[in-house]
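Single-structure report; data block below.
Naming follows writing order (A, B, C, D and E), and every chain is counted from residue 1.
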């Protein structure tokens, strides 16, 4: 039957793909997609525990806030990406290294 | 009053309830609803050409079938016959996905459309919220369509179409919010339940703010469906019919179908929210449901719903042939500088109205004042 | 994997295996897994966005199975209707999909894990095995779940709204400030550059 | 927070969502069905000329994905912020009537008012900074 | 009339308000704001009149009182009470004093608008005048010694500033400082008295002091060895000596004449000096209990006799009046000493009236006599003479007052002075020590001297041929002007005896039907301490409802059979009356002889008593004694000794000593700083350099590398905490 551990597994898969994208890909948009996935994994966990363990709606609310914050974050991140593209004519992350020592 | 359609029929035909039976009823209901929707979509094309012809003193299609009623079937068959051309450098995967997304988006909203008390497929508690969410898929479909066809014009059309749809979604959502505020729940059943049969009990005349909300909703839904004054993305003259220039054959047909069904859905939702949905005046449906033929009540409610929806649809079509097309910056400034602020303050207005008048409509207040002044018993 | 997970839970009361819940769960889980995999393998960024869309729809379906209907709809409205479109806009505005998206040169310090496409696949499989081993080793799943009561589905929007307006009021107001900040920040950044 | 059961009106479990799934699947099936059927029926003689992007007859010039004006993104940005706002407002709005009947209407009103006004301030800022107007004539900026 | 706060307070607040307005805005106002001061004091006069009518005329019994109190501050901690209550205390004595002060002050304000007209600092004069009147009224109204002391000091300040009004004259400056210093000596003693009382009684309200006396809480207490009561009595009397210029501290009053005449009239004749006597009257039971009445009588008589003798040879018109004030004050103090409580208070009132009138008349005389050379006013009597024709109204007022002061019957002076002398005679006869008879004897002699020098002044200024032609011609004929003459005439009206005694001759024999009441003596009597014990205090703001009094207070005591003392008293009074009339006429006759008919030659008398004459000129060498000996030898020496000690002993050892110690500490600290702290600082420097090198390589600039590090760190942490 559908149980908590299955959801944990699914959120882990999401988290893993998100991580792989963030670490492995060189284009900014890819990293942002990866980030979205990681956030979703966390939200899924919250809701799973809220459904199976606490039977209270706090988990739902927490996931709701995660979604809201993720949206705001995505907006700002994408604006940065575009401005980065306008400056450097590329979205390749390795160009983004002015902070090098 | 049963709470969903399969249970209604099971009681009607005195069958014992079981999972697969409900699934069966749902499937049949869904299939019928999809067909009805496609037929309505087709009829809409016919109606549009007929009405526009009538407005321009021409006759319009009358060759195929009586008074040209079957014209839409002819178009459909033609579409089937057309060759499916795919631009060379186009992104095959996205090119096919786009129309599907639009279609799925629209069909998903049909599930919640409140046709009548028991016949609506799904009485979701988050009904309105769900409709708004799913209809945003259409914008996505249009953008991908425009992008995938690998031509500057379609891309530009796609981006404009998408940005128009998503920006007009905001005033629509906020005006819906003010109705949700008033009816105290997002499910269509509670919204319709809070409205009466007669016009003065509808939400549109409930208070001035809901009236403004209706106007904003109507304009927003026009823009959302790329209709009439806002049909810039597939404007023939400038962008060579916008995002679906490269689409031929059935894909193009589905884009068009999706568009017309979306108008139908938006008018249906508008009718439910503002014009009292399937409420029949003078409590006729409750009376009929007590008689041996409960189905009659459903039929009466269906009648009420469809008349209201088609009235709005007629209005949409008429507007198409009266108002000139808006420029892009006018379109955008209308949305962000006029509709959204109005909708926001409208929302606050409804809230204040509810707090101040304790959810009474103007008519109720006048009646209450009248009774105070008069008898004051 | 799926079999292992199902067999593990013990005290769940007898419910028909093939109910709508399981169908929905399987479909959305499948959709999500496939799209995640596709995301890992695709190079074309537009495809990546579509797969992200599919993954998010899958997650919405999962929310539904967890009786979180409001959350599912919000997910669809916000993510599918907003973030993905924004991503698409961003992709178009940052030079479309001809950008190079996979790292070419080997990663200097760490293991070759983040090399070419093939290594991705290997890395993915290795991590899956690692998870199962860790889960079974640390008995991650069972320990907490003592009792699982089949809770009937109930619409959550009213209770969520009540919770939001009373207990989480401060967060509710704070979020609007956050949104304001995001709006102004992003608008400022995205303002066209003056040559 | 009382148990959700109490609040729920009579809806018997998740099967309410069944029609949505059915309709979505139906949509996909119909689309691919029709396309494939059409594929069988219709002629398919791909030719170079047919497959070029339609440019009122001229040959298409340059890549399609040329650099675009950023105002598309700004609209998207403002949309998503208000989209999120409405997503949060829906639960709040759906409870407002009940709160009002209890008597907490004023408080709820203030909460919603605050929530909306802050974002109105945001849009006012964008408006004053000229982000909302679609055609940004750079010349007018210099004046 | 209900004695609410707003029926009593305006008496003080009006002049205070006038002071504030004039002080800040006065110079800009029309006529420099003098009308504000006059109006204010007139308003106070009306309020005082209302209270006077209610207390005295409206049949209130003699023990009627209003006592309203508010807590000024209450810092009592635990059982140690430290609470000061302030408030109003109104009884018949206060009512009369209020009426007298406000009446005289109003007329003097009126007169000063005439007298000071054209003066450079015209506005400033009224500022101080208003402040002074409000202080005096507050003193009269106050119910406890502390507020009396506060307003006492305020009046001292006003007299200092008014004496030094013509500050450009160096002598005026010195006089004001001298006046302030001498009264300050008296005030110190007064303050000591107050502190002693507070220490014993725990409160300084007059009512509490009386009830403490009644309960005998003073017995057995002793302050610095002396019995408490005598110590307190002496201190309080010291205050009176200082303020009313009695025997040892009378030097400042003659010099105070440097101030403008209206100021001298108001302050140095009617009110301020009277305040000292008023204090002793209030504290009479304490004085009696303290057993210093004999000492008071002696001081009073000595002051009276001494001042009278000095006044004989004075040439300046204001000096004569100054010394006469001192002698009359001496009379009042003697009256208190001999137990003549009521007559002494009556003398205070009558003296205030006619002395104010005398000063004003002198003022108008001085004002009209100009000296072309010095452009100043002429004050020396030798340059006057024959002004009777030039200034008829002033002459008339001067005549009445001089008759009153010299004790001619039918006038108020005779009524009050005769009673004091009668009581003094009785005191002398009854007193165990025979030599105390000197008090009445000197009293009668002073009465004669007073009559002599007053009429001397009258004859020198108004009678005979004008001695300085130029000054006489210049003095223009006097026509009746409201501000100049009206006050004089009104005051002289009140010098008639009938006003106070209700009988023509003042002996109570012939009653005048209209007044027909011996109202003064029956109303203001010696406070019996016993009935003060259960007097209740009313909160300030809530209105006071006077109790109903059945007994009418006018039961003129029938001629019950006279006990032995009353018999002797009556005999003493009759003798006293006759002798005082004889002496008064004797004095007048002598003055007539010496100055009008030139029968006697003053020069001859001077040569006869030459050495005494020189002493009189030097004012019994008091000034000499104080300046040279007391301050010159005593004080300066003491100062020098103190200065020496401070310089050599204190500075060298107490302050400079520290320097050496500080130096030692500093040396120790610097060593510590060098060796240890610097070492630590260098060490931290090396550590930082070490970290710097190693960490720098970590920053590769690749975001994803940072992300990996972040992730590994996070997961590591999570795993560690889990296991």
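Following the convention adopted for this analysis, contacts are C-beta pairs under 8 Å (C-beta built on N, C-alpha and C of every residue); 3 or more make two chains touch, one makes a residue touch a chain.
Everything numeric in this text was worked out from a predicted model, so none of it was measured.
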Partner chains that subunit C and subunit E have in common
A
Other chains in touch with both subunit B and subunit D
C
The distance between the C-alpha centres of subunit D and subunit E, rounded to whole Å, is 94
Geometric centre distance via CA averages, subunit C-subunit A, whole Å
7
So what's the Cα centroid distance for subunit B and subunit E, whole Å?
101
In whole angstrom, how far does the Cα centroid of subunit A sit from the Cα centroid of subunit B?
34
When you check subunit C against every other chain, which residues touch at least two of them?
20-21, 65, 67, 69-70, 74, 77-78, 81-83, 85-86, 89-90, 92-93, 95, 114, 155-160, 163-164, 175, 179, 182-183, 186-187, 190
Name the residues of subunit A that each touch 2 or more other chains.
23, 55, 57, 64, 67-68, 71-72, 74-75, 78-79, 82, 86
Subunit D touches at least 2 other chains through residues 1, 4, 8-9, 11-12, 15-18, 64-65, 68, 70, 72-73, 76-81, 83-84, 86-88, 90, 93-96, 98, 108, 116, 119, 123
List the residues on subunit A that touch subunit C in their complex, please.
1-10, 12-14, 16-17, 20-21, 23-30, 32-33, 36-37, 40, 43-44, 47-48, 50-53, 55, 57-58, 60-61, 63-65, 67-76, 78-83, 85-86, 89-92
Which residues, counting only subunit B, touch subunit C once they are in their complex?
19, 23, 91, 93-94, 97, 124-126, 129-130, 132-134, 136-137, 139-140, 143-144, 147, 155, 159, 162-163, 166, 169, 185-187
The residues of subunit C that touch subunit A in their complex are 1-2, 5-6, 8-9, 12, 15, 17, 21-22, 25, 29, 32-33, 36-37, 39-40, 45, 48-49, 52, 55-56, 59, 62-63, 65-68, 70-71, 74-75, 78-79, 82-83, 86-87, 89-91, 93-95, 99-103, 114, 120, 123-124, 127-128, 131, 135, 140-142, 144-145, 148-149, 151, 156, 159-160, 163-164, 168, 171, 175, 178-179, 181-183, 185-187, 189-190, 193
Of all residues in subunit C, those that touch subunit B in their complex
16, 19-20, 44, 46-47, 50, 53, 69-70, 73-74, 76-77, 80-82, 84-85, 88-89, 92, 155, 157-158
Within their complex, subunit D touches subunit A through residues 1, 3-4, 70, 73, 77, 80-81, 83-84, 87-88
